[in-house]
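Both complexes below contain chain A, partnered by chain B and then by chain C.
Our next item is the complex of A and B:
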């Protein structure tokens, strides 16, 4: 049955699933107040109103897509699923590198905790540089079908440019993950 | 003999240098890395500016690197929730108001923060909280507002916290009128609302000083338990039948469990900075001068605010 579903229907089902996950799991776990709060005569918007409305719109869009999919839409093949899985794996891997490479390097080569070095180059750049280079080079390699030196150089140069763009002019900005460690 | 003198001189120099270093570090403590300074106020407002200027002064005086970061919302509760679980090693501090750890902590549903979760460092300034309107409204004190409300005028009263909303309600109740109370985010939003004519009057904690001096705004009543510094002749809320006040301070806190030497060093550095240079000048202009309450006195103040919050809530029920 699922094999006959079009890509539009899959997209709609995914949107519906995410919307329901948001409404019934994420929002209740991550907010403290309901949709509308009444505190001593004052009616205020609760924490969960905004995200619930957004999830509701996502659900509506998903339902419309499921009910009226593009008539000429293609079906999803194994290659499509593989592509989606690879993109998710690349982005996930890049985030893991960004978050943990700095602390790993400090553990290997330093004596001070990473938290104390989170504003000190080169430690503060390590995770962003490696994660960024990996993300860009691997995505380019996926699109081209092969990993090339030029893709790695492109990733490295872009990561350096982004890092310098944020780090040099703004004293109070920190590259990921340094604001959260 | 010559060698002995050389060794003795070096020993004395080393001792002096160590003592100087200890003094410079403040109580033998200095941070091992950058200090994250969470600011619980909207960027660009008076409180945010004071926090950032204090950070600059601390860095200039001690060399400590301070990285300010905005975590706004819920009257400082979001900032406190973020700070609560950070390491208690002096690498994380937050600038909030005493009301955040008092009324807001007591009233916030499920916030799970209380004064004992934090180490108070120092206050930097007191509020110059007043009920303020535009001068072209023609009101000279809060009595004129009551008269206008009794004459049938719908009065829109801007506030920036639930506590102030309760106080506005009690001001109306005590004088037999009802205000349309509008809660917005931050004193700057109240001032913008009043200036734009979207609100008829509102609570402002010191941001009104320039406008009052220029004659564009007017302090109608002091929301403190005593007179305002800028306009000491203006009546207080007690004169209009409200026994509660909006007394409060801007305060730096750290997570609970901060070692004593770190607490002393941080408190002293922040207190010194709040009265120095641009920070001192700005605080003097906007908030009437630096006020540093530290140590046990600050602990008692924060706990008393938290414990006393219930009385105001009960009165406003």
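Our next item is the complex of A and C:
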């Protein structure tokens, strides 16, 4: 029976479920005041009202989508989920490299903490360059269906160019992860 | 004073003893970059506006002196990208921007007939004409509308107007009213996280990192830019796998009799009016303007053309003129709701508002045009500075735009599979530079996934973004209106004009529901 439902119907049902979850569970548990509050004889709008209105709109949109689904509407296929999982893995991996490679290298080869070296090349560039090269090379490879040396070189050159572009002229701009550590 | 702020602002360089202001130089650079971006399929003006913003703020800082150079640059990109989009559409049958798709229908057949130069000339002339027309309407309408809003609308009516704008955007964008409302509901919800008046940051599930709310740049760039990059990369992968190749017939350049531009005037004028009207309405973009302009011109051309003239779709210059005038005339008019109501109408306007909010000192809305009893309203000076920047960009378009358009044809050859990953890294870096937090990059990726999923189910992300931007303002205005009416929970219905706005919101949704489902 569920197989016969269109993707729009699924989308509408999901929106309705989320809206009801918000209205009856999430908002009451995760906000401090109700819809309308009375404080010292003064009546004000509580913090729950805005999210409840948003959830109401979500519910209305969900109901309309369920009641009037677009029969020719696009459907999310398994390959779409697979693709977005790959993208999250690639971009997430790049962010992890950006965050940890610099401190790892400093720990491996130096004695000074990374925090003291975060404005000193090459340490300050290491994470960004490796993470950036990895992201660009892998994404180009995903789009082309094969990994090539030219994609890696492109990733490296672009990362160096972006790093220099932000870092050289602007003293107050920091590349990832140097503002966090 | 607005004109003076642009021309006689801080001087950057001097040519033959004549000082050139920083704002003028930034407008020029933005405009040239915009044409280049527009001529590059896969890149879009808003993408570059987003990437450029943190760099510009880093250069110019957050002072009031920063406002016009930064906004001038962004306006230059916005206008330049629309003109540049015609270049690959005409030369390579590949629209540089979505709104240039209709230009391919007649522009490329003209190019294949050896009239590439003429097609570019027609596109440039029509684009510059439409743009100028739209800017004139902006200058005439925005202050007038703002004064009306300020004089006649009190807090309940303003709340009603916000609701009407959001309802209109949700109802008219995309293929389905239901999906528009879902997108808008999600945007409002995202705007509510960790905001509010209580000490406890609401809807954060106790996650400390969310206690400041979602970083605005990370959320917007994630949904609009990263979501688009994720989707476009997947499309490319499928194209490669299926062996599909874009149709690219090379244009030939032969000496041809120049096309008389005067015969195009009726088409340009009609499309300019259509584009300006559409640009002034929040939520309807330049792609629809181009489509309507083209369709309307096609009907006229069929009635009036000589038997020897080519039909629309077979290389009619009137088709190029109608499309380019319509899509370019959106760029001025879309500032009407931004400046008079504080409501962004399309993606480019979203980034203009983001720029204004990042710099501070300028709150787009009816208050901008307030004339104080004594002294000067600095926001009014900046608003007229923006108008001046728009006209300076027009001047550049008329003088050097055509020349530069012909020079950037080479950008059409940059492969998308190289460009998109570079855009992704630039966007993530721009977010980090602005927020200085790895968490913001993760937030951007999460919103990018949301943007990707929205596009895959045919749900426009624009209502999400606009609701995310306006959510806070809507709640604040509603709170003030509630207090001002002495805690009347029915304030939206007891004030006649507010009730009219609410009723119109329902009508807009019902009408669109009947029309499109």
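Simple rule for what comes next: the second predicted complex is superposed on the first by the 110 of 181 C-alpha atoms of A that agree within 3 Å, B and C clash if a C-alpha of one lies under 4 Å from a C-alpha of the other, contacts with A are read in each partner's own complex, and residues count from 1 in each chain.
Just so it is clear, contacts are C-beta pairs under 8 Å (C-beta built on N, C-alpha and C of every residue); 3 or more make two chains touch, one makes a residue touch a chain.
Note that the structure is predicted; figures quoted are calculated from it, not measured.
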Is A:88 contacted by the first partner chain B, the second partner chain C, both or neither?
second
State whether A:33 touches chain B only (first), chain C only (second), both chains, or neither.
both
More chain A residues in contact - chain B or chain C
C
A:174 contacts which: chain B (first), chain C (second), both, neither?
both
Is A:107 in contact with chain B, with chain C, with both, or with neither (first, second, both, neither)?
neither
Could you tell me if A:58 is touching chain B, chain C, both of them or neither one (first, second, both, neither)?
second
Shared contact residues on chain A, chain B side and chain C side combined as an intersection?
32-33, 42, 44, 172, 174, 179
Quick check on the complex: what are the chain B residues that touch chain A?
31-34, 36, 65, 67-69, 87, 91, 107-111, 162, 165-166, 169, 181, 183, 313, 316-317
Chain C partner contacts - residues on chain A that touch it in the complex
7-8, 11-12, 15, 19, 22, 26-27, 30-33, 36, 42-45, 47-51, 53-68, 70, 73-76, 80, 83-84, 87-88, 91-92, 95, 98-99, 128, 132, 135-136, 139-140, 142-145, 154-155, 158-159, 162, 166, 170, 172-177, 179-180
Footprint of chain B on chain A - complex, ascending
32-33, 37, 39-42, 44, 112-113, 115-120, 171-172, 174, 179
Residue ranges of chain C in contact with chain A within the complex
54-55, 58-59, 170, 175-186, 188-189, 191-192, 195-200, 202-205, 230, 233-234, 236-237, 240-241, 416-418, 420-422, 424-426, 428-429, 432-433, 436-438, 441-442, 445, 448-449, 452-453, 456-459, 471, 475, 478-479, 482-483, 486-487, 489, 513, 517
